[in-house]
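Just passing along the structure, written as structure tokens.
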Amino acid sequence: MAQPQTAPDARTRLQTLIPKLVLSPSVAAMVVFVYGFILFTVYVSFTDSRILPFVDAKGARSYDLIGLSNYAKLFKLSHWEIAITNLAVFATLYILICCAIGLLLAIFLDQKIRGEGLLRPIYLYPMALSFIVTGTAWKWFLDPGIGLENTMHLWGWTSFSFDWIKNRDYALYCLVIAAVWQSSGFVMAMFLAGLRGIDNEILKAAQMDGASNWQLYRRIIIPQLRPAFLSAFVILSHLAIKSYDLVIALTGGGPGRATELPATFMYSYTFSRNQMGIGAASAVIMLMTVAAIIVPYLYAELREKR
Amino acid sequence: MTFRAKLIFSTAVLALAAGTARADDDSVEVLHWWTAGGEAAALNVLKEDLEAQGIGWQDMPVAGGGGAEAMTVLRARVTSGDAPTAVQMLGFDILDWANQGALANLNDLAEQEAWDEVIPAAIQEFAKVDGKWVAAPVNVHSTNWVWANKSVLDAHGIAVPANWEELTAAVEALSAAGVTPIAHGGQPWQDATVFEAVLLSTGGSDFYKAAMIDLDPEALGSETMGEVFKRMDFIRAHVDENFSGRDWNLATAMVINGEAGFQMMGDWAKGEFLRAGQVPGQDFLCFRFPGTADKVTFNADQFAMFDQGGTVSPQQAALAQAVLSPKFQSAFNVVKGSVPARTDVSDADFDDCAKQGMKDVAAAAASGDLMGSLAHGYGAPASVKNAIFDVVTAHFNGEFDSESAVDELVDAVAIAQ
Amino acid sequence: MGFLEINNATKSYGAMEVLHQVDIQVEEGEFLVLVGPSGCGKSTLLNMIAGLEEITSGEISIKGQVMNGVHPSKRNIAMVFQSYALYPNMSVGQNISFGLEMHGVPKAQREAAMGEVAKLLQIEQLLDRKPGQLSGGQRQRVAMGRALVRDPDVFLFDEPLSNLDAKLRVDMRTEIKKLHQKLGTTIVYVTHDQIEALTLSTRIAVMNGGYVQQLGTPKEIYDSPANLFVASFMGSPSMNLIPVTIRIEGEAVYGDTRSGDGQPLALRFANPSEALRAYDGKPVTLGVRPEALTDPDGADRSSNHVQIFETMAEVTEPAGSDTFVGCSIGEAACIARMRADVEVRAGSVARFALNMEKAVPFDPKSEMRIW
Amino acid sequence: MAIAPQESAVKTGRVTRFVLYTVLIVFALFYLLPLFIMVINSLKPLGEITGGNMMALPQVWTWEPWAKAWSSAQVGVEPTGLKPYFWNSIKMVVPAVVISTMAGALNGYVLTKWRFRGDTIIFGLMLFSCFIPFQIVLIPMARILGLLGLSGSTTGLVLVHVVYGIGFSTLYFRNYYAAFPSELVRAAQIDGAGFFQIFWRILLPSSGPIIVVCVIWQFTNIWNDFLFGASFASGDGAPMTVALNNLVQSSTGVKEYNVHFAGAIMAALPTLVVYIVAGRYFVRGLMAGSVKG
């Protein structure tokens, strides 16, 4: 008869251990460098840290815990209110327009377009460039004195006016234009990938059922792009919340403070204004906003995939 | 397999190679934001000076935001326990870092070189903390200059204005003639530069000190302050429509090209005129903001010396000494457009505007009219400075009228303190 | 002692037990088929034999060696997967010799073994191709080649034919059978196709709901299913299940029911057991294979228990070699398997012959066979 | 999974096609505009820029701004141009991209083919890490680098980029490997291949499309990073973006826009090349990986 039950042999034990060993450096890095740092920031937001967190250069304790008063101060600042409102407007427009343009271009490109191979990289390349690179060009383009308006005037269309970037009420929309320029091609690629993944037989079936092109897209194709929409939404919203280079390169937050966003607010209070406590508090609020958007998505996604 | 092997190998090599480059002990590491052609070349004088003494120079330039970016980097470096030897720094940043205990004590050297006698007291306040020298001042910029295109002024029969009323008359005359009277760049620090000049002109030195340095709520909320904001309204009404976000040098170019009459800007604007081949007194004019003739608001670049484990290293001392040597002070400032921080440097190599500046600084230092510029971090701590920027810029862009601006200013300063 | 022994093997995922105390002994050279509907646990059992899934309790041993916790590659087994699992980036030759390479077999030996297997399976001309360039049948052969080359103690097949079209499936089935006869290796084969099970195996384990329902030779399974599940799962068309009531008249035991026209029908059991007698007056389910319900001319002449009756033929399905005729007996819809040229028209009355020697009684409550 | 358009079921008329092409071309022009402005102005003498039309083609074409930006522009105290910093960036980007991609691939492999209790939670936590705003990690990261003795070194910078790149690379590979047949892994196990052999021999050779996506993504992000480069690199180890910033953002001094534009294009060139060369695989990789999931 068979021998009594034996323990797993060494190789099997190793094989079950190795995957966890392989994963562990990433997990450790994540715990320290992401979640540890988040906790750190939360802690700093409860202190009156100004130029450095907690400690001075010699390592001595130089802060007091002041509870929630940084948060109280934060929400009293009109500056923060502007930044939050701006983000709401900016993110909404940015995501909507990117998705709209991305979808439009993807659908158009999917019509057996000659030169698709040329057009696609043209639409995609802005994602490759940071605003450190393109900032000056954008600034010029939007500037009525040297940019589009001036060019139109030189070309004879003297009544043309495009001075949004100088206008407190419109400057934010300039940020939207530049941001859309940067990411809409990427969204296009995601939608295009989604379109190419749709089963062609379904389309044929729908046509047999007598669906017009418009109906075909509205009722059959676009609903099937739901995963692409979700991915686009997550990527775009995280880009919107992190938008920093864009503001610095184009407007510096101006005119006045008409284009401040939470990311610029946080940077400015943490590093330029020596009010690290308030900066940390704003960072915590930002993180909570991100979590509010991302966590339900992650939850739904990962549950589905189980 | 071979490809993968190569990949791993080259990655490993790169990672190893990456690990090397660290500062060796015989050198100084200098964090600064002087990266533009002229000023960087000027700094090279210092580098060569040190290299002649066998001291290496580890350059660490970080431009952006008038030093804001550099200050962020500095924080990262200090936090990592790897502070640079010397850091270009302004006003209250020096005091803040000194209060953190991060700066070295240069008193031995200062005594030997008699810095106390040659550096104006107003600047010493920011280079000496608790009786200890912590920074080596490089230069003094005056921020209350006005730059004008001489031919534009001549064409419309305008003389150099001596007070606010003459300025308004001149501005209105240009405006009537269809010339943009004032070239301005709508960035917070530029708005504030104009604001503090107007404030000094309107209220005089005592008011400036009370409002911008002592942050006296009474001064901040006074009627004089209301008048200052009204005058800002006047200036706002006479800049061109595209001022928002413009870099200062583009505004300067407008004056150079004769598109605008005046620009209110610090002495660094001079470099732009000189580069365009213009001659002071012939093509362009420089004069103190009307009503601030014998007064100077200053911005002084300094090298704050970071503590290197309790002592001042010989390299650090050599750097500080070189910075304050009359030779460097002259050579650097001739290029930079500013005037030497030392008051005993010969003005032989300087141009007319700079000679005037040196006289003004010396006179103002003697009379107590040499005051720190708020716009450049010599008035109030960063939090307050930026709070004032917020109000000035918001008002300048029409977010609120001059009366509510006064109230906002009092509130903003109170919150930020 | 069996060559491959599965003793009390149980598998649970958390609190859910998916395989309940399976006991199977396989002799050397046997061809065991695990058959059952999807989710019955047959693939889980195969994976446990392979070592791809842990055994929660119980034991699996091969050649007397307990395999619990032994790494798959150390069990000396080979496996053919449903999707063939050919490595897409390797050529056919590399696919076949990969396992040998992993076991440190020298190159020359590898090549020799590969050549032999390729010859056996007639895939020599494919050795340099990539799996993507092969047809389904070719892939199937390569997958088998990969298993064969290892010369393992036990072959494991996981639904290897389910991705092939009908014709190819039959061909490959025959080929696998021939291969088994030629090489005489021990095979455990998972399928949900009962025909494959019946044709290939030397023994079948019918599984459902994580239990082995019946273990036996194909003939045992087919002729005397242990319960209603096995009865209905094995065989196509499946076994007719006719509800009858037991009536005892002396030595004779009858199952009473009615034909589709409502005529009483008393079916006399051929060799009634004592157990069946205990059901006097109670309902019993009678299992009758379609071939035991036929036309009188086609009935088994060696049987003494053929009962002939008339009822309505509801539908006829000529299938070439046979004609299937649908009718009702009692409440049950039944299929009769008649000769191809039988003259029966749907909608008219026809004569049926039921061979009671092949009828199997089940308890309708426990669903178990009444022995 | 062909990238070519399908035998389109949607039929379009002549007018529709005209509108289609018009819209596509108008958008192409919009996307090209900033690059156009940068390129033409980088080829003009400075005088033409300050005096003229931003959109006008140069009257005098000159390569001098390019030469200057590359080898003689004042970036720090020495007129080194961007050249040395370009190599700094390469030294930083290559290891960081390779390591973060490999780590992501291994993580994705473990999370799909060697699943264990809690793997989904670990993945979720990793994914969330993609969304942390980098500004908040600056100070604590500086502290850790200091403790590790890596501050001011390229190794430290590589570490930082790897750490914050793993989230996205894991996401890409996990979604890709989720669709990779598990039977292949089982077959390889029975064949006697170990954890790493299966990865190297079976999974990695089939991961082409997703490696391209991941490398494009990581390369672009790491190459374009400014914040970490400025904060954690030493002065002469600074990456290209920091040097470019020093070139462009001089606070008080003369602005040579043509040199700035030339430098900006140079700084962008590697990422542009990567996008254009690998762009065709990008959509394919997206199809295989992140979108369909």
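Labels A, B, C and D are assigned to the chains in the order they are written; within every chain, residues are numbered from 1.
Definition applied: a contact is a pair of C-beta atoms (placed from the backbone, for glycine too) under 8 Å apart; a residue touches a chain by one contact, two chains touch by 3 or more.
As the structure is a computational prediction, the values presented were derived from the model and not from experiment.
Note: the chain lying farthest from chain C is B, by mean C-alpha position.
C-beta contact counts were set side by side for A-B and B-D; B-D has more. One finds 57 Å separating the Cα centroids of chain A and chain C. Chain B and chain D have Cα centroids separated by 36 Å. One finds 90 Å separating the Cα centroids of chain B and chain C. Residue positions of chain D touching 2 or more other chains, listed in rising order: 139, 141, 245, 248. Contacts with at least two other chains are made by residues 65, 72, 75, 79 of chain B.
Residue positions of chain A touching 2 or more other chains: 11, 15, 52-53, 267. Those residues of chain D that touch chain B in the complex are listed here as 50, 73-79, 91-92, 94-95, 98-99, 138-139, 141-143, 145-147, 151-155, 157-158, 200, 230-232, 234-238, 242, 245-256.
Against chain A, the residues of chain B that register as touching in their complex are 65, 68, 71-72, 75, 78-79, 83, 96-97, 100-102, 186-188, 240-246, 307, 381-383, 386-387, 390, 393-394, 396-399, 415-416. Chain C makes touch with chain D in their complex at residues 47, 50-52, 71-73, 77-79, 81-83, 85-90, 98-99, 102-103, 146, 150.
Put simply, chain D touches chain C in their complex at residues 181, 183-184, 186-193, 197, 201-202, 205-206. Against chain D, the residues of chain A that register as touching in their complex are 11, 15, 18-20, 22-23, 25-27, 29-30, 32-38, 40-41, 52-53, 101, 104-105, 108-113, 116-117, 119-130, 132-134, 136-138, 140-141, 146-147, 150-151, 154, 181, 185, 189-190, 192-194, 196-197, 200, 203-204, 206-207, 213, 216-217, 227-228, 231, 238, 241-242, 244-245, 263, 266-267, 270, 276, 280, 283, 286-287, 290-291, 294-295, 298-299, 301-302, 305-306.
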